[in-house]
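In what comes next, chain A is part of two complexes: it sits with chain B in the first one and with chain C in the second one.
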Partner chain A sequence: MNTEQVLKQAENLLGTWNKETSHPDPTRLDAVVDTNDLHASVQAVHEAGWGYLTAITGSDLGLVDGRMEILYHFCSGPAVLTLRVRQSRDVQVVVPSIADVIPPASFFERELQEMLGIHVEGLNNSDRLFISDDWPEGVYPMRADFTLEQAAPVSVSHAAPLPEEGVVSGNTFVVPIGPQHPALKEPGHFEFTVDGEIVTAARMRLGYAHRGIEKAAEKRNWNQNLYLFERVCGICSHTHAMAYSMGVEKLAQVEVPLRAQAIRELVAGLERVHSHLLWLGVAAHEAGFDTLFMYSWRDRETVMNLLEQITGNRVNYSANVLGGVKCEIGPEQSRSVKEGLTYLEGRIRHYLDVVTTDVMFLNRTRGIGTISFDEAVRFGLLGPTARASGLVRDVRVEAPYGAYLRYPVSAVTETNGDLEARFVVRLKELLVSCFTMRTIVDNLPEGPLSVRVPRKIPVGETISRMEAPRGELFYYIRSSGGETPARIHVRTPSLCNWVSVLEKAVGRQLADVPMLIAGMDPCFSCNDRMVTVSRSGGSQTWSWEQLRQHGIEYYKR
Partner chain B sequence: MNTIPNLWVLSIIPMINILIFPTGLTLILVGMFYEWIDRKLVARLQNRIGPRWFQPFADIVKLFAKEQINPDKANALLFFGLPVLALSGALTAALYVPLMGLAPVHSFPGDLIVTIYLLSLLTMSIGLAGWNTRSRFSLVGATRALTQTFAYEAPFMLAMLGPALAAGSWQINEINTYASGHWMVLTQPICFLVALIGLMGKLELPPFDAPEAETEIVAGALTDYSGRGLAIFNIGKSVELVIGITLIASFYLGGLGGILPFLIKTIALLLVMSVFQSLLTRLRIDQTVGLWWRFGAILALAQILVMIVWKGYFQ
Partner chain C sequence: MATNVFDMCPASWKQVISEVRTWARLNSIWAVHFNSGSCNGCDIETLATLTPRYDVERFGIKLQGSPRHADVLLVTGPVTRQARERLVRTYEQMPEPKFVISIGSCSISGGVFEGCYNVGGSVDEVVPVDVYIPGCPPRPEAIINGIIQLLTHVKEGTRPVAKRPEQTAEVASSQQERVVA
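Entry: the complex of A and B
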């Protein structure tokens, strides 16, 4: 079935609920539905097994337009179905919760509640997930009329206080993990209620690394935003920049030269190697296998050096510009890339051997946190976590973009769905990546590195999906024709995978919990993006200018 | 007229023996040195550079200089007393073992049992300390530490029993003398392994570091310890490391007859231990207990039975 037929099928499913249909591009179907019909239409799409819910974007269309829009994006292969709900922003916006049909939607709906103040009916969870506790009640940062003055911190604690010494009753008590904890390299907070060693309940809180990037993007021009989005995540910075720039290029209807596309894929491949080796080390450390941790991080230096040689940077590579790339792969670079890949392939094979044969290590991974295929579908898992359960969720394969059309990759899947399978999937995936990168380096098309992209991007909106090392990365970009974007929404893969930890921790031993958290390769800074206040010292609010000045003064010394 | 030599022989020399050499101060320094060897070996095996030779000493000095924070809910007496108890237990145990290959400072029939009990004092103190500080991480750590004690203590004791049976004595010094003619690692390999791994369990070294698994429960029972208390606990562990490997080396590796054999044999054992530490993944607490009772204890018991039968049959 081709994309057209898939979209036709979706259109048929929606039937009369569909009030207004459009095809923004050949792979997309955009259907406006009534708020009252939303639940039924989501249910119809879901029950027919048409794709999966990938993101919910809320956006405030502004005071002039006077409406708010909530977009429900479903993906099936390359086809994207967007259900669009519009309501007046002058009254309380209310949408029905779809979490009863699609459980992972609750994360997206909580984001709507916190960021836009949209009331999600039926979602009985008003705990804050993203916004900090001292954020004032009733102030929503993504609304068009939000001003910084509204966000003066209040001293109200929204988090339920922990019981005395964490003891709930008898042998049951709460073990907090994070925001500062040796198991977590990034800030997140989990509360595991344990009975002896067995976890009986799990709760989590994100948002400790909010930087308000989505809001900040609305104040910056298209070019500046490239560097902003690169900083959503330190590990997959290239994928973020690539998703953003490919979205913008699509809006501007600019064709990126083939050479630039190939180099983008090459850097993305190197980034995947660097990300997965980093993860391998962290996961081994969580299991208490520090030798593997040290060795894999030593080998990661190889790929970091390659990235540095190609782009000049080790972490935020900044390889992209709108319309192409800015780094060239010369003979010298391609030689060292090939040498590095040969070394890394050998090491990766060795690690694959270690994680599948080391008995002591298998004790901690085999049969632990098993997620069946059906559960993976139900939880809406993405990336390697889903592929370990046999669910092919890989944008590079399902909906190839850019250079992946010319240098295709194959999806690596495992069927066991336990921690071991997640190790195996990630490592095998690296071998596939290494092979593809070698092909790219050998067959690099000639041509320019970039083309010009206009300063003003035509009116329109687009969806840019990309496979980050952790799974599908989703960008929704809307332009109102100006020098700055009207709305950019980012849905990172980690957000979709959390549910695998929370569901699977219950009933397991406390000792397995760090492994479960590591098993999905969480990226906290990816999750946390939105609040736009820069604070220093108590309640003092700094404007961007002040902060910038402070930075300049600080580094003068 | 005889009082002065008597005082010298009866009081001063034992005092020096206990406080300065070979136990006491020297032992603490040796403990730090061995800790450094262990850390350095593990580091090299993990392809790291590892600490400089004085690092353990520097750590202790730094910890002693730091403020010790007494948690509100903790019993102050226990909080300050437990590290001291742990260290003194270990230092007392040192009196009965042939440290540096010298004869034990003190020796009496049955001192093996006393030594084993004294060595357990460290784990007990750590467990109590975790319970006393009332932090959730400490509580989990303490529970795990004590659970682990029940797992390895019996097999470790059985493993010490093997050489004692062979030598026909409960006195460490006599077993040591007997061992210098018999390399019991060859005749009782299983007990040797059980003893070595049991020692790693006692010291909470990887892969038996579940009680202080930093990725789960921060520092386990000692999470709330800082400054002096932590320093004393650390010294206690280093001292126990030396005593433990001295015991095993003297029992299984042909006795300890001088400084040089002592150094060679104990450092060889330390090397084996660091290889284990870097090769193995941390066991969950249920896996530790399972391992010890399913394999450790039963194998050691089988070895002991073989010993008893063999002894009864041939002698």
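Entry: the complex of A and C
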């Protein structure tokens, strides 16, 4: 079936619920539905097995327009279906929860609640999402009339225990992990209730790295935002910048030169290699296999050298500009890329050998955290985590964009769905990437590196999907014709993959938990949203102030 | 307790004990890393500093899991509201003498995140900073340079005078007064 037919199918599914249809571009179907019909239409789409829910975008259209919009994006291959619900912003906006049909939607719905003050009916969780504990009630940062003054912190007692501190209540023992913890390289917080060694419940809270980038983007011009979005995440910075610039270019109706597209894909490939090798090291470290950690980071320096040689920087390389790229691949660069790739391919094969034959390591990975194909679909997993369970979720393959049309990649899948499979998938994927990069370097099209993009971007909205090292990255960009964007919404892959950890930790030994977390390759900076922790009181003989004072005195020396 | 024994020692012993301490301290700096909401760029470069290519372990520097065992706090990120209180408490848990290195432009001034609603601004508004390493992210060489600066000062028994471009002479002099315990 081609994209047109797939979209037609969606249109038929919606039937009379669909009040207004439009096709913003040939791969998209935009349907306005009534709030009352929303649940039924989502159910119809879901039950017919039409694609998967990829994101929910809420946006405040402003005081003049006087409405709020909630967009439900579904993807099936290259086709994107958007269900659009509109309500007046002057009264409390209420939408029904669809988490009973699609469980992972609860993450997105809680974001709506937190950021825009939209009441999601049926979502019985009003805990803080990713806004800090000292955020005042009833203030919503993504509303059009939000000002910084409104967000003055409510006072929190410096002496009070933090919600993260461990508690013993009754017979259960809760092991708190994070925000500062040796097993985490980034701030997150997990609470595992244990019975002996076995985890009986798992919860997490993120939001430590939530900076408020989406709001800040509305104050900066299109060009400045490129560098801001690059810093959503320092590991996959190129993918973020690329998703953003491809979206803006689509809005501005600018055609990026072929050479620039190819260089973008090349840098994205190098980024995937650096990201996966980094992950391999960290994951091995969690398993106590520090030798592998050190080796993979040593080899990663080869990629870092290449990135530096091509772009001038090791991290946050800013290879993109709006309308193209700013770095050229000359004969010298292509020679070093090829040399580097040859070396890396050898090493990656070696690592593939290690993770599938080392008995000690296999004890930590084989048969652990197994996610079946059906579960992967139900959890809405993305990227290598999904592919390890045999679910092909790879935008490069499903909906090729940019240079992936000319230099296609094949999806790598495994069927076991355990931790071992996730190692194997990522490493095999690197071999595929290396092969593609070699092809690109050998067949670079001639031409300019960039074209001009106007300072003001025409009115419109667009969706930009891209395969980041961790899975599908989703950008929603709306312009109102000015020098700054009207709304940018980012949905990062880690957000969709958390469920796999929380569900799979229960019933496992506590010692497996760091491996499970590492197995999905989480990126806290990217996703910072969360599931909150509730605190139950425990008895303490000392008051907190006393304990704290004691601690400070004790360590004074 | 231990303080009293030390206080009872004759001056010459004290001298020797201090020298031994400084020697030990210089060769075994243990660091704890705290991410206060960074983009990860600085964190991966910090980690790269510890791995074979740059290998700061040759100076006896080691990343340590617990703040209670650490001498140096490496802070990255612009201090988000949710991280602020956690940063203070991590700092308080470290035994004296303790040093703080602020890594990356956004930990120094907010950098690219300046003005974001959930961002405090800079690390030195929350905990006293000894060494600033600018860059977005700084290269591993820059991080090593920062660490070496710190070591030089530890050797001399002084606090490094941290300099931020806009820092006033007053702040700098008050920092100098905090001599190593």
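Everything below uses one rule, namely that the second predicted complex is superposed on the first by the 512 of 557 C-alpha atoms of A that agree within 3 Å, B and C clash if a C-alpha of one lies under 4 Å from a C-alpha of the other, contacts with A are read in each partner's own complex, and residues count from 1 in each chain.
One rule holds in what follows: a residue touches a chain if its C-beta (ideal position, glycine included) is under 8 Å from a C-beta of that chain, and two chains touch if they have at least 3 such contacts.
Since the structure is predicted, the reported quantities are computational estimates derived from the model, not experimental observations.
Trainee: Could you tell me if A:K219 is touching chain B, chain C, both of them or neither one (first, second, both, neither)?
Mentor: second
Trainee: Quick check for you: in the superposed arrangement, does A:L148 touch first (chain B), second (chain C), both or neither?
Mentor: second
Trainee: Per the contact definition in the header, classify A:F435: touching chain B only (first), chain C only (second), both, or neither.
Mentor: Neither partner.
Trainee: Looking at chain A, which partner touches more of its residues: chain C or chain B?
Mentor: The partner with more contacted residues on chain A is C.
Trainee: Is A:G207 touching anything from chain B or chain C once the two structures are fitted on A? First, second, both or neither.
Mentor: The answer is second: A:G207 touches chain C but not chain B.
Trainee: Can A:R231 be said to touch chain B (first), chain C (second), both, or neither?
Mentor: Second partner only.
Trainee: Between chain B (first) and chain C (second), which, if any, makes contact with A:P514: first, second, both or neither?
Mentor: In the superposed model, A:P514 contacts chain B only, not chain C.
Trainee: Is A:R298 contacted by the first partner chain B, the second partner chain C, both or neither?
Mentor: Touch status of A:R298: both partners.
Trainee: For A:F289 in the superposed arrangement: first (chain B), second (chain C), both or neither?
Mentor: After superposition on chain A, A:F289 lies in contact with chain B alone.
Trainee: Would you sort A:F373 into first (chain B), second (chain C), both or neither based on which partner it touches?
Mentor: neither
Trainee: Enumerate the residues of chain A that count as touching chain B in its complex and touching chain C in the other.
Mentor: Touching chain B and chain C on chain A: residues 181-182, 294-295, 298.
Trainee: Can you check the complex and tell me which residues of chain B touch chain A?
Mentor: Residue list for chain B touching chain A: 45-48, 73, 134, 136-137, 139-140, 143-144, 206-207, 209-210, 213-218, 278-287.
Trainee: List the residues on chain C that touch chain A in their complex, please.
Mentor: 2-3, 32-45, 47-48, 51-53, 64-68, 77-78, 80-83, 85-86, 88-90, 92-96, 106, 112-113, 115-119, 136-137, 139, 181
Trainee: Which residues of chain A touch chain C once you look at their complex with the stated criterion?
Mentor: Listed in rising order, the residues of chain A that touch chain C are 131-135, 141, 146, 148, 151, 153, 156, 158, 162, 164, 179-182, 185-187, 207-213, 215-216, 219, 227-228, 231-235, 237, 278, 281, 293-295, 297-298, 300-301, 304, 314-316, 523-525, 548, 551-552, 555-557.
Trainee: Considering the complex alone, what residue numbers of chain A touch chain B?
Mentor: Touching chain B: residues 165-166, 173-176, 181-183, 194, 196-197, 284-291, 294-295, 298, 358, 360-361, 363-364, 509-514 of chain A.
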